[in-house]
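Order as written gives the chain letters A, B, C and D; numbering starts at 1 within each chain.
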Amino acid sequence: MSSSIGNNIRVTIFGESHSAAVGMVMEGLPPGEKVDMDALRAFMKRRAPGRSELTTQRKEPDEPEILSGIKDGVTCGTPVCIMIRNLDTRPSDYDEIKNIPRPGHADYTSYVRYGGFNDYRGGGHSSGRLTAALCAAGGIALQILERRGVAIRAYITEIGGFDIDEDTAAASEALDKAKAEGNSLGGIIECEASCVPAGIGDPIFNGMENDIAKAVFGIPAIKGIEFGAGFRAAAMTGSENNDDFFFDQEGCVRTLINNHGGILGGITSGETIVFRAAIKPTPSIAKEQRSVNLATGENVSIRVKGRHDPCIALRACPCVEAAAAIVILDHMAERNKL
Amino acid sequence: MSSSIGNNIRVTIFGESHSAAVGMVMEGLPPGEKVDMDALRAFMKRRAPGRSELTTQRKEPDEPEILSGIKDGVTCGTPVCIMIRNLDTRPSDYDEIKNIPRPGHADYTSYVRYGGFNDYRGGGHSSGRLTAALCAAGGIALQILERRGVAIRAYITEIGGFDIDEDTAAASEALDKAKAEGNSLGGIIECEASCVPAGIGDPIFNGMENDIAKAVFGIPAIKGIEFGAGFRAAAMTGSENNDDFFFDQEGCVRTLINNHGGILGGITSGETIVFRAAIKPTPSIAKEQRSVNLATGENVSIRVKGRHDPCIALRACPCVEAAAAIVILDHMAERNKL
Amino acid sequence: MSSSIGNNIRVTIFGESHSAAVGMVMEGLPPGEKVDMDALRAFMKRRAPGRSELTTQRKEPDEPEILSGIKDGVTCGTPVCIMIRNLDTRPSDYDEIKNIPRPGHADYTSYVRYGGFNDYRGGGHSSGRLTAALCAAGGIALQILERRGVAIRAYITEIGGFDIDEDTAAASEALDKAKAEGNSLGGIIECEASCVPAGIGDPIFNGMENDIAKAVFGIPAIKGIEFGAGFRAAAMTGSENNDDFFFDQEGCVRTLINNHGGILGGITSGETIVFRAAIKPTPSIAKEQRSVNLATGENVSIRVKGRHDPCIALRACPCVEAAAAIVILDHMAERNKL
Amino acid sequence: MSSSIGNNIRVTIFGESHSAAVGMVMEGLPPGEKVDMDALRAFMKRRAPGRSELTTQRKEPDEPEILSGIKDGVTCGTPVCIMIRNLDTRPSDYDEIKNIPRPGHADYTSYVRYGGFNDYRGGGHSSGRLTAALCAAGGIALQILERRGVAIRAYITEIGGFDIDEDTAAASEALDKAKAEGNSLGGIIECEASCVPAGIGDPIFNGMENDIAKAVFGIPAIKGIEFGAGFRAAAMTGSENNDDFFFDQEGCVRTLINNHGGILGGITSGETIVFRAAIKPTPSIAKEQRSVNLATGENVSIRVKGRHDPCIALRACPCVEAAAAIVILDHMAERNKL
């Protein structure tokens, strides 16, 4: 039932798009860890709206307020609660959608799940706004991991089907077109976590792949995830896909290539963890769509108003880093590697 | 740390490839549910080895023995334990690999994770053999779901990069070639769960996508998962990907197409749940590969002996069904839909 | 590692005595439940300090602020977060104890547990102040249960060893004496939960006794719990202790007496749940005590300053009700009785 | 819903009194731990029936069979499954009770909880027989703890209200009388866990008291638990109950007395953990009792046949040790103290 994740380090996310605040509670953090609030703010800003013409114009200072668990800039070891006030809410933008679920959104499924009592405004608890809380937790995790030498970096590889390195101009043009038309584009984000020690994770249901996938699907709009060669591996032979082992000059076991994405049998190999996530196009589009009026029982048409991103992938990179960091930190804690 | 999954219905898997038995404990099952052992055996046989030339020649009767929780063919509501004895084990096949991890396997990562105390024979707890236990649990879940009208069906769509419907001959030829060469192929399995009620699942971290992904990555060799349009959605526009809602003739809210794979915001929409999983090629191949000798510190070459499948995807369909069934049953129990 | 409890309805408590706020997140609440904030405030006031000469003079308005999960006075079904600002904090009261753990408090154990990084001021996360958050969660649970006919009521039966009904004068005198001497008294609280349906709870580790005990020990100063006849049952014969069953006039199975405290084998019988909790004397006393200076390594003497209750049991009744309500609500949700 | 306990080391118990076997799965054990099966058998024998005239005459060899997770007498780190076959079952003993719940037993509550599908024979999953599985898990935990210097010992202090040291003759006489009359007696068990490191456990809901209580209530017939001075503390003043700290000659922080039972604020102090559990009289008695016939709706009288202990406390000591060991091991694992 829960909006929580983690076993030894557990993150619980609360809030709705238009509630008083969104936030998170993070239990089990090691005590004595410095939390650099400037760095946290900078990290959270990477997902914040209003930075460019291509992101929603909703302006939120997204100021994280520490409610507990951090004293004099250092973790106490007790639950950290950070909240972010919702300030620039315009509920009237959502009056129309009260009974008319937006295609591609969680409006209809939440309506059924919560018997109509969900906060429909701005998608409520399913809003992308909740990723501010995810990034607050992930930002702290990233700072702790960084001190252990673990670096996590996510970047966009594709927008609207175009490789952003090889087809930069095409991707850019597609974005402009989508924006002009009130339409949107999907994208692919790749994430690398380097220098995670070997031997982290568990077999069967609590492997690194299982748990990273579980966390990453917590980011709205993610519809797929693959590790290492992923779906490409399905078209390979075993001799192509298997990564040979060798001892490197320091006597460490390594693999020459990394089709396994740093994870074998759910457990880290010491190679860089690599995964890719598919982000669907922002479902909020200005184009006319068909929907239903749940109050009247009529089929209707809808044009979603409000301030939306033509490509949510542009802001999702820190969210992906955050999700990965939370899981890796949790598993490292469990293996006593913090 | 655990080989367990589920919140209201919880499955714990135990066993090693060459331990006395593999098995599972399933807690939280509704009482009074008939368990048809013949149907369960038939389901488990779909994953069992030895059925054709293309699967491993290890012969296991895979006879599930009920230890608890089922009386007179009906669930008591208390934990069900089923074990499957390991009979046809030939540990000597694995003497060589004790110190030489097989590329693409969990041998090395388990060695690090467990400080060398893992049961290396046949991959130990990370062996595909453990999916017999998964299927025992999943088979029971499927029987219960079937009585609620939920049908789950997984099928192979690609082998070695060939669509098995459109390029049947090519796929078959590639399989023969891989087998002849002691090589292996990957594949893609698609799974559909129809008639799952709308409103099942949770936002953020415990959505249906999160939890199905977590369970499916519990099957060895899975390296990717996507729901609905999945990675294809990343190349679409919002107007292409969004599934319009409409009232059907019975007054039910439906979508015309199903790019969302039956899940929006982690919660079921009532449309068929659709996902695809990428299966890497069986890592056990007879071809020479490079590896390391962990005892001597030398780089070595290895040729994996034993009885192995040229394409593990051929036996993985019931495992995927089992994983999906366990998660859907758990979430339906949580929403009081059983 | 966690300050959380519950499976289907999960409460996570955060905050320190002198952090910005204390609060709680409550996941899994049924949607559409009215939350009467006036009733909640009234309930929380029962544990609030400053109501009489016998409770600490720390004045806190204890105003619960809803951050999420409640819209227009009704639960959305998504996580409810309520925070209570810490206003009247006087950290200087605690300067002395930074390195000198107070006997009977968690200062020393927290120091070891958190490597000295715990917030020592006022007991930090282990402070009785955190029960404000417990009562916020429990108060909501009580309102929901009340609508299902379940009533939970805790009351003091003993103070300082005196039965407060039979030895009222003696108890009162002992309290006055303790207060005058800067000393404190323990007490016993009894709690009754009536009209909990039969068949709630689970065998072995997740029974009602297990889970109520786990929750009640979350209240600082509780050192024992017993259900029904409890420790008295240990001195009985089976024929004395066993509660005979009979059909009442409505055809319900009942017991004539209730030595079993409404729970048999972890599962409710339909009789009133009855338990008693032992509350140790408030550890903060003005009398001189021996302790250690962790910074200097010297044995020292300490006289605890600050504003403290001579008998914490006086304020603990709503906390006991809250703990019981959270557990009963969680188990009723699991059995679909909400 | 579960018959499981633990966070980092998790024990799941399965079986019914008359199912094929009872057993347990233990996840998260450290790898490389020797499991001495002779010592385990000896430990399990302490709870086994048939050792004297005062325990049930049911004869069970109680032979633990390792199904997984232990290779060459050493833990692999993967789930350990041990089962104990039920051999000497006489289901016909229980025919009568199918519809007539035995007073003091879980028959009626299980009937309601499981809609009549519970295995009523011998109490099913709620039978004391399940403590064989608890002891198998606890016995392994005790062996691991012993290697870390932690010793856990439980012993009876009272039988039928008589102190067994001071009133030995009276206790013995009461036992004989109870046996002769087909009646039974309760008792009190005290348990000490020495040399548990300081700083183990968590505040609020996951403290050592919370979790030991939760585990100990998993033993049938336990109706109360108290730590340190427990209920006696409720009659003390703060200056009597508070345990002063001092540095001992080795520079360790100690307390002179141990009213706190080795736990302050849920966290261990380094002093011996001490708790007492109240065991109700064996509910199975040969004396006539009133009950109900659930099939006919009539009030009836019942005389419980079968082979039963006049005082279950006599066999419960290893169960209490087992429960404590499982919890302490789990918490030590979480704090990296294994």
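Operating definition for what follows: a contact is a pair of C-beta atoms (placed from the backbone, for glycine too) under 8 Å apart; a residue touches a chain by one contact, two chains touch by 3 or more.
Keep in mind that this is a model prediction, so the values were computed, not measured.
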item	value
Chain whose mean Cα position lies farthest from subunit D	A
Distance between the centres, which are taken as Cα means, of subunit C and subunit B, whole angstrom	44
Distance between the centres, which are taken as Cα means, of subunit C and subunit A, whole angstrom	37
Computed distance of Cα centres, subunit B from subunit A, in Å	25
Multi-partner residues of subunit C (each touching 2 or more other chains)	1-4, 7-8, 13, 78, 113, 125, 203, 334
Category of the chain touch graph - line, ring, star, complete, other	complete
Touch list for subunit C against partner subunit A, complex	1-4, 8-10, 12-16, 19-23, 25, 27-28, 31-32, 65-69, 71, 74-81, 83, 113-119, 124-125
Partner subunit A, residues of subunit B touching it in the complex	1-5, 7, 13, 101, 103-106, 108-110, 112-113, 123, 125-126, 130, 158, 160-161, 178, 183-188, 198-207, 209-211, 213-215, 217-218, 220, 222-231, 233-247, 251, 253, 255, 259-261, 263-270, 278-285, 287, 289-292, 294, 297-299, 313, 334-335
Parts of subunit A lying in touch with subunit D, wherever the complex brings them together	7-8, 78, 203, 334, 336
